[in-house]
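Chains: A, B, C and D, in written order; residue numbering restarts at 1 for each.
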């Protein structure tokens, strides 16, 4: 036991991760994932003065040369925590630059997942309440300056089936659908500010469906939503296409992806539609 | 190092779990959980000759006296695997008896979770397809002979809101709901056979909603489902009550619980209704 | 159809949920579930002046008489949102009282689920970082004044297997375990304050395992954690029992439950231990 | 409303999905997703005569021209169910050909997710038990004949940290890791058979970690696993690299991806490593 201790102490000052590796296998990404952390998201909404406290689930990593044995994981955490109190979009690219520098890496990548809340007013009685939208920011920075930022938001909406309405004497099946929009911004730098706010994307999606969802509806509101949805039937395909027509040609981002999952109320499975488009 | 090896070898013949414990804390349940295993479910349906291959997620455990340090976990697995090829309901209580005996325990408990498939025919064109229903069997056996078996099945259905229909000039919001029924059988023994089949419970629930769900619908079927659901509006509360009226007084089980979660198509949250009832 | 339309217009001012029901089925619980909402948790920690912003997933409901058709769901939301900006423990029972009054109900129940963050310092270098703990508060209020509050927190820890250590010449398998502690407070009123803080429970659990987990560890910390865990081996059963010995006899709550799920590093399934105890 | 009703009756024989669309938005993928179905997987293992019954979760879809309003969803289901009783790898590309033909589409895509079971023997006592591996097959067929098949399997293993071992006098933290390997086969046709079986991939991954996992271990086995893992420490990075060295240069597939998620027993978050490689 004592001998083992001595033997181990001998190696204990050595930094195993810094040792050379002989397998000749560079890795695309090494890092932490699934780290939960409170964060303040500032400057991500129309009202720039209002910051929102969120709970973020975070991945942060770098690529790794074939020669190096491992990544310094605790340094990833230290870079992250230094900016913990307030994560800003402008700050995201700077955080990636610091990560690259601290690791001597070529590429640095980050993903933040969080639920973002926006106030929704019921359509008739104007009752206010907050509704949550799952959101993601993904940033990637390379040595050659090819940096990208993905802005992603999932918007729950209501869809009423046009086929069901057309073939039935009355009624039409309708359901919740989840629309995920990904905006790709290329050539992001730490000086550049995002011009698109999550709230804008949410509104475009809500206008593309049979009806938005609301956290709080009184009877007059429910009547309005029911009839309005019946007046605006959409297939899963239609929602995807309606969102595309709104995002197409917008020069504030380079490309985008729209993914719709329609939780059919007549089946126990879903229907999906996916489309990618390049604006620039 | 050598000494440690010797020291450890000295203790290696000792069964740590069998050592006495001095904290004076008996435990209610100790065992394995989340073990996935293929299983053949026989005799759990109307057509008794047809066995269904399922993938079961299993928990199996026993209580533990204050004096004993631990449970023999590998023996739990051995009891389980001996009956792996075909798990029968009649077999479940026998498996618990063997578990108690092998562990010298007072109480033995098992839970099996699996998806059970039933053929569903579309209402007009009679197109056939399989639909899956999440199911659970939970058994508990005590030394005093107080044994129980829970038969649980989750049935997805369609609900159309009566309020929305009543207050609107046309249309009505509708959505998927999940109805979970738990039947409690007391005094189960290894000789006793279950008289209620999952399929029966599924059918009772499907008749209690606005419409069943179907894996495959042609246009004529979709028209029928749409109009039939509009003709049979139900609140979350109604589904729960309709199921209760069907199960109430049935002497084949001692008590039951009905839980309905309605995935509102106008909100991003759900509505639930829960009720328990004693028949005997 | 025309007649139906007319009839529908005629009934549109009628409140369907208030209609009498003839099935004679009272319901135990009807309400909203899965509603996500930002909340400020105040007074739930040692440092009473510091409030934490969390994202809560909420269920709120009441029982329903056999005679009444439905619950006023939008009123549940209104009661909830009135207290949205700052949910306090003292406030929880008051919120349930208001819910009962607004619905004319006998029983009111609430559940809040959220991730609570506490600062953790690494054991040697004292590096600080936040670690999240899934938490739940469940309150129940009845007309007869039999009110209860459940305080629940899930604590991730490290467990090192004593059997593996004893039978091996070197090494010992170890893994993450999740310990869920539920404290039951009976006879809660809106005047009464909780005397136990989540942080206290977290610390008791962390002392009951082989080692706490840490968000950030430097090399000296990792060495300490590795050796400290090896020096404090515990079975799943031991963790449960160690927590019981710390909670047993504490008169600040009436009963408690400890549930440990050990994610075995040698298997792809888990081992669990569960125990309930009454203090008063 | 009356007119709408009449209009609806008039259009009820019309197939809404076949109508022309004027938004000029072609869609990349439209189809069903999340459909659960029992399936028999044949020819996917070394012992070709043994077929395994699994529960598959399926997505099937096609691309959609800008001019067409929608996809015929029920036909997707019909193509799928015709081959339900036994899904073979050879059959997958044929199923995609039929899907394209029935929809008049350019591209057809399928994904099957299922848990595949393989027998595992404990290393010393040779105790046999089944262990489940999450698996996916993804096929894609285009009009230009550019077809691909992805063979994906997730393998749970044990990893023991080399740094922890090196810096500590005794012990070393270890944990479960999940290794996901994706093999990409280009130019697949309905005549071509897959030459790589899932079992082969599972074995290569299990040899790349500190130890495989086992469903059933007796004391002698646990001793062996503990010491063997201590003798073969690997970082997350090492597991990824070890798998790459085994897959690199194998001409039976064109490219591959390895993704490792290490569920650190000293943290409540994970560490990941990702690498892609082209063989041909």
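Just so it is clear, a contact is a pair of C-beta atoms (placed from the backbone, for glycine too) under 8 Å apart; a residue touches a chain by one contact, two chains touch by 3 or more.
Bear in mind that the values here come from a model prediction, so they are computed numbers and not experimental data.
On a Cα centroid basis, the chain most remote from chain B in this structure is A. Between B-C and A-C, more contacting C-beta pairs join the chains of B-C. Centre-to-centre, using mean CA coordinates, chain B is 24 Å away from chain C.
Taking each chain's centre as the mean of its C-alpha atoms, chain C lies 35 Å from chain D. We define each chain's centre as the mean of its Cα atoms; on that basis chain A and chain C are separated by 27 Å.
Residues of chain D in contact with two or more other chains: 1, 5, 12, 35-36, 132, 163, 167-170, 215, 217, 219, 223, 268-269. Here chain C touches chain B in the complex through residues 5, 8-9, 11-14, 16-17, 21, 23, 25-36, 59, 61, 64, 69-71, 73, 162-163, 165-170, 235-237, 240-242, 244-245, 248, 261, 268-276, going by the rule given at the top. Contact residues of chain D toward chain B in the complex are 1, 4, 12, 15, 35-38, 52-55, 74, 77-78, 81, 84, 115, 117, 127, 129-130, 132, 170, 215-219, 223.
Note for the complex: chain A touches chain B at residues 1-4, 7, 131-132, 156, 158, 160, 163-164, 167-176, 211, 213-215, 217, 219, 222-223, 225-227, 229-230, 263-269.
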